[in-house]
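Each of the two complexes below includes chain A, the first together with chain B, the second together with chain C.
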Partner chain A sequence: MEATYKPSQSIKIATALMLAVGIAAVVVGFTTDPSRTWANLLLNNMFFLTISIGALMFYSLQYITQSSWSAMFQRIPLALGAFLPVAAILMLLLYFGLPDIYKWAQPNITETDKLIAHKSPFLNVPFYMIRMVVYFTLWISLGYALRKFSVKEDQKADIKYYKKSSFFSKVFVFISVIFFSLAAIDWIMTIDAHWYSTLFGFRVMVTSMYYAVALIVLLLFFLNDKGYFTQLNKAHRNDLARYLFRFSIIFGYLWFMQFLIIWYADIPELTAYYYPRFVGEWQGFFYAEIVINFAIPFLALMSDEIGRKKEVLIAISLLLVVGLWISLFLQIMPGSYGEIRFGFVEVGLWIGYAGLFVIIVLESLSRSALIPKNHPMLEESVHHHL
Partner chain B sequence: MSYKHIIGVFDDEALLLKAFRKLKKNGANIKDIYGPFADHDLMKAFAPESRLPYLSFVFAVMTIIGAFGFLYYTAVIDYPLNYSGKPYFSFPSMVVVLFLLTILVTGGLSVVTFLGRTQLFPGKEAKMPDPQAMDNRFYLVLDQNFNPEDIKKWLKESGAEDVLEKEIDF
Partner chain C sequence: MFSKKISHALVEGDKNFGQISDELLSNVESKPALWWYAGLTLGAIFLAIGGWAFYMTLSQGIGTWGLTNSVAWGWDVINFVWWIGIGHAGTAFTIFFLVFRQKWAGSINRSAEAMTVFAVMCAGLFPLIHMGRPWLAFFIMPYPNTRLLWVNYNSALFWDVLAISTYLIMSVTLWYLGMVPDLATIANRTKNKLRKTIYGIFSLGWNGSLYTYNRYETLLKLLGGLAAPLVISVHTIVSLNFAISVLPGWHATILPPYFFVGAIFSGFAMVLTLMILMRKVFNISDYITPKHLDNIAQVLKYSSLIIALAYATEIFIAWYSGVTYEIYTFFNARATGSFSTAFWIMVFCNAVVPQVFWWEKARKNLLILFAASILINIGMWFERFVILVSSLAEDFLPSSWTPYQPAMVDIGIFVGTFGLFIVGMLLFVRFIPVIAVNEVKPISRIGKNINPKSEKDEL
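Let's turn to the complex of A and B:
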């Protein structure tokens, strides 16, 4: 129970190689097609940011609901949140590529496009960057506070750290519900500046927890295979499966509501967004998104007996990683780059980001004990049963 | 029909669980357990895995197929109406109705199945081994056909507060 995880040498080499592939993809991308590369950078930023924010929201929810079952592995969502500062730097670098991604950021667009001119008090580059800085400042500082009290609890057994964590969890959930919804609107929805959906920000914010749980499952079983978390039992797996199952329903519900209202109302400005996706050339991705993110997890995890099998959980979680990529690809690419291109730039960039993400998360995990030492609900978590 | 039953009265659900396991191992015929609250360990030990969820799934699949047929018949074959230029058969508009009908019909059928299987109905008089059985004691009801003397001995040994013999209707 006292064990601390240290990433092995082979993992470090593997992530360094992945990072090298990513850098190669950036170089190749910028020499051949900068616009496509910028869009892919945004996609990957959002991919890993979604997981980080979702993981911290999951962590906060455990405190708010006073859940005991997850106390044992709560360092995992905390470590997944450690990517936030890096995500902030990578996101701020997008400043140089804004006109390639967003139509509203192109110079002189307000003279020809009346709608964008009308929205320009909100959609302009300086205000966009200011908002980005505000979001990241809030998330990183609150993420830091959550980590600080969790680590302090290890050194001194005192209920006050639990209470502090609990308080900052409430603040974090409040902040992230508002600002991650706004961030999703800012960074993804404004790609199609003429289009809007009031559900969009909320949908991205809520489903971020879905993918975060998938990553928690993957990391948990990775460490379990290495000989950590020996107390992990059927009940924990059952609860993780239930989490994924519930979120698959929420995903399907929100995804369909966003689509249904626009499809039914048939207002030209709004259907312009769905036309290329629903009947145009992006149709394959449109159906793949709902099948992978909703239909397969929903059917596979419906039975608790099947869902709590380790292999099923891992398979579904790996599927959801693909699902998140397809989901973001479908949201970002049609409006920014405009063509379906899948090649070295897409794969290489994702591999590079994944390498960076994995090494940062594992380093963050190794900086403190893997299982929190003085968490008041630790015993209950270890002996969790149905 | 009333038969004579042996009833073990327990103060503690942990003791009851211990007695339960011992009796079960020795082949006693345990009829039912009464208690003031639900205990997961007891429920898992006593009740076999419920097959109701599987039946509910079958109900749900049947309802989806039936409801789809109904919607298709009404919207396309029997009374086609043009709503804002949409095709007569447009699946997105059916999804919400399918979803709600599935929940309604599956829920209703599952309740009916459950009541039928457990032979319950609204207003049925509860079968209680003792008026106290839902207050503050756990009651373990046993068939007395299988060496009753041993059963009484085992009950006493595993910490039963009292051992009753009563004619109850089961």
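Let's turn to the complex of A and C:
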């Protein structure tokens, strides 16, 4: 139980190569088609930010609900949150590409577009950047606090660290529920500047935990294969499968409700968003999104016997990685770049981001014990049986 | 490592199983006290008022209500949504807490489910009489008929009928199956021939064997799995009644989760009210401990925050949308105009009051708990009032704006549903154990150091 993980040399080389591919994609992208590259940068920023925020929300929820089963591997969601500072820098770089992504950021647009003129107190570049800085400052400092008290607990067994973590968990969930849903509105929904949906931010915020759990599963089994987490048993796998199963239902529910309400009321301003996606050329992605994110996980994980198999869990989690990409692609691309393009820029950028993400998360994991030493619920977690 | 004190005893006191049966069956096995008869009389008076209002509606039509051409949904639909919201808590208690392995719910779920059944009955009454000719209510059922008419499958009102009737059947089934072992216990213990026969029949030949328990638990698990989506579907579909329209203030995609959380919120508030009252009149404070009330208060606090987020989102997006009518509804009609009193009562009761539960002292104080639970239920009533009436009374065309006032008959029907609820709950506490004896026994040792030595060896 004392083990610490060190990323091996081959992983470091692999991630460095991935990063090189990403940089190549950026160079190719900006020389051929800058606005496509900017949209892809936003997509990948959102992709990994969703996982980081979702993972920290998952981590905090374990404290708020006083869950014991997950105490053993709580360092994994904590490490997934370590990407936040990098995400912040990459997100701030978007400043140079705002007019390529957002219609409202184009110069003099308020003179011709009355609706954007109405929204301009909110949709203007300075306020957009200020909000971004505020979000990241809050998330990063709270993520730092969460990590600090978890690591301090290792050095000294004292219930006060558990209580501190509990307190900061509450603050983190409070802040990120408000600001991540607002950030989703800010960064994605305003791409289609005329369209609005009250559910949009809420949906992105809630489903972020879905993808975070998928990543936790992948990382957990990766480490398990390397010989860590030997106490991982059937009951843990069962609970992870149930988490994914329930989130698949929540995803399906929120996805369908937003669609049904807009489709049924048939208000032109609102259906304009769904038109290219539901009947237009993006139709394939539209159906792929719901099949991959809802139908397949829902059916595959319905039975506990099948769902808790390691292979099934890994396959579904990998599928969800694709699902998150498609989901974001469908949310971002039609309104910003406007064409379906899938090539080296898309793939290469994702690979570059993934390399960066993996190495940062693994480095963060290696900086403390893999299993928290003095967590009060550790025994319960290790002996978790259903 | 250090010793931890995070888990709590689910049942206080060192009781054996016989004592638990004695204490929890006492309300069934002894004569009711004076308060019971007084409550029954009050319920009967309320029912009589409801009967008068019901008679007026049937004999003269819904013209006796306060409805107008503009505001065609008034108190009837408000009360319907309010009651159905309360009716969420019971099944949510049983099913969600089963799924989340929250064992403390074991001593509350029986009365929460009873509350659900009666609240859903009260709720169902409103759409029924709103039809105007309730004797033709079977027209809503889709079956091949000589009238050669089919129901309108596209209508959310029809979805409502299906969702609510399915939910009622499911709640009654779960509630009844849950008490079968307890009914058998009562039949075993009683000396009275008549009681023995009746309770015996309803206990379905329960013999308490391992096989019986095995099948029983499988059945409950399966039904529970089916009931979980039903709980969500009911209030989702109620919200769709509003959300799929084009009215400002109604057409919002956040309505389904927002209504669902609101329903859990109001249902738990009602559970809290009832639990505090029951602790007062029955000797059950060892089973519903301060920790139980604390837990309910925590749920209220967090769901209140979600509701506050929904309020804030709706207001922000109303401005962001740039639609004149949306802006008018939220910023003029609701926040500052004709409905501002109701709006601010709603915000105060639902978003502000539950925040008192951040203080542990407030969660331990019965008076504050009770007051907050009542205020939340008032606030949730006003929430439905604000959503419904403000959008209808002041919609797109100022020339068709109409103020809304409920008529005496409206109020009478609402009072009548209270009568139904009170009488139903009183009959429940008279003839059925208010706490599931068979569920409390297995959890009565949790959180206690019965035998510290052996526990240590195990770790």
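Keep in mind that, in the parts below, the second predicted complex is superposed on the first by the 386 of 386 C-alpha atoms of A that agree within 3 Å, B and C clash if a C-alpha of one lies under 4 Å from a C-alpha of the other, contacts with A are read in each partner's own complex, and residues count from 1 in each chain.
Just so we're on the same page, contacts are C-beta pairs under 8 Å (C-beta built on N, C-alpha and C of every residue); 3 or more make two chains touch, one makes a residue touch a chain.
Bear in mind the structure is a predicted one, so any value in this text is a computation, not a measurement.
Novice: After the overlay on chain A, what do you see for chain B versus chain C, clash or fit?
Specialist: clash
Novice: Touch test for A:159: chain B only (first), chain C only (second), both, or neither?
Specialist: The second partner, chain C, only.
Novice: With both complexes superposed on chain A, which partner does A:27 reach: first (chain B), second (chain C), both or neither?
Specialist: In the superposed model, A:27 contacts neither chain B nor chain C.
Novice: Going by the contact rule set out at the top, does A:93 touch chain B (first), chain C (second), both, or neither?
Specialist: A:93 contacts neither chain B nor chain C.
Novice: Of the two partners chain B and chain C, which one touches more residues belonging to chain A?
Specialist: Per-residue touch count on chain A favours C.
Novice: Which partner chains sit in contact with A:303 here, chain B, chain C, both or neither? Use first/second/both/neither.
Specialist: In the superposition, A:303 touches chain B alone.
Novice: Taking the superposition on A as described, I'd like to know which of chain B and chain C A:376 touches: first, second, both or neither.
Specialist: second
Novice: Touch test for A:13: chain B only (first), chain C only (second), both, or neither?
Specialist: Neither partner.
Novice: Does chain B (first) or chain C (second) touch A:260, or do both, or does neither?
Specialist: Both partners.
Novice: Tell me which stretch of chain C runs into chain B once the two are superposed: 201-209, 237-245 or 273-281.
Specialist: Residues of chain C that clash with chain B lie in 201-209.
Novice: Once the two structures are superposed, pull the chain A residues common to the chain B and chain C interfaces.
Specialist: Chain A residues touching both partners: 260, 264, 266.
Novice: Give the list of chain A residues in touch with chain C in this complex.
Specialist: These residues of chain A touch chain C: 65-66, 115, 118-119, 122, 157-159, 174, 177-178, 181, 196-202, 249, 253-254, 257-258, 260-262, 264-267, 269, 374, 376-379, 383.
Novice: Quick one: in the complex, what on chain C touches chain A?
Specialist: Contact set of chain C toward chain A: 1-2, 4, 6, 100, 229, 232, 236, 240, 243-246, 251-257, 305, 309-310, 313-314, 317, 320-323, 459.
Novice: Which chain B residues qualify as touching chain A in the complex?
Specialist: 40, 53, 57, 84-86, 92-93, 95-96
Novice: Would you mind writing out the residues of chain A in touch with chain B in their complex?
Specialist: 256, 259-260, 263-264, 266, 302-303, 386
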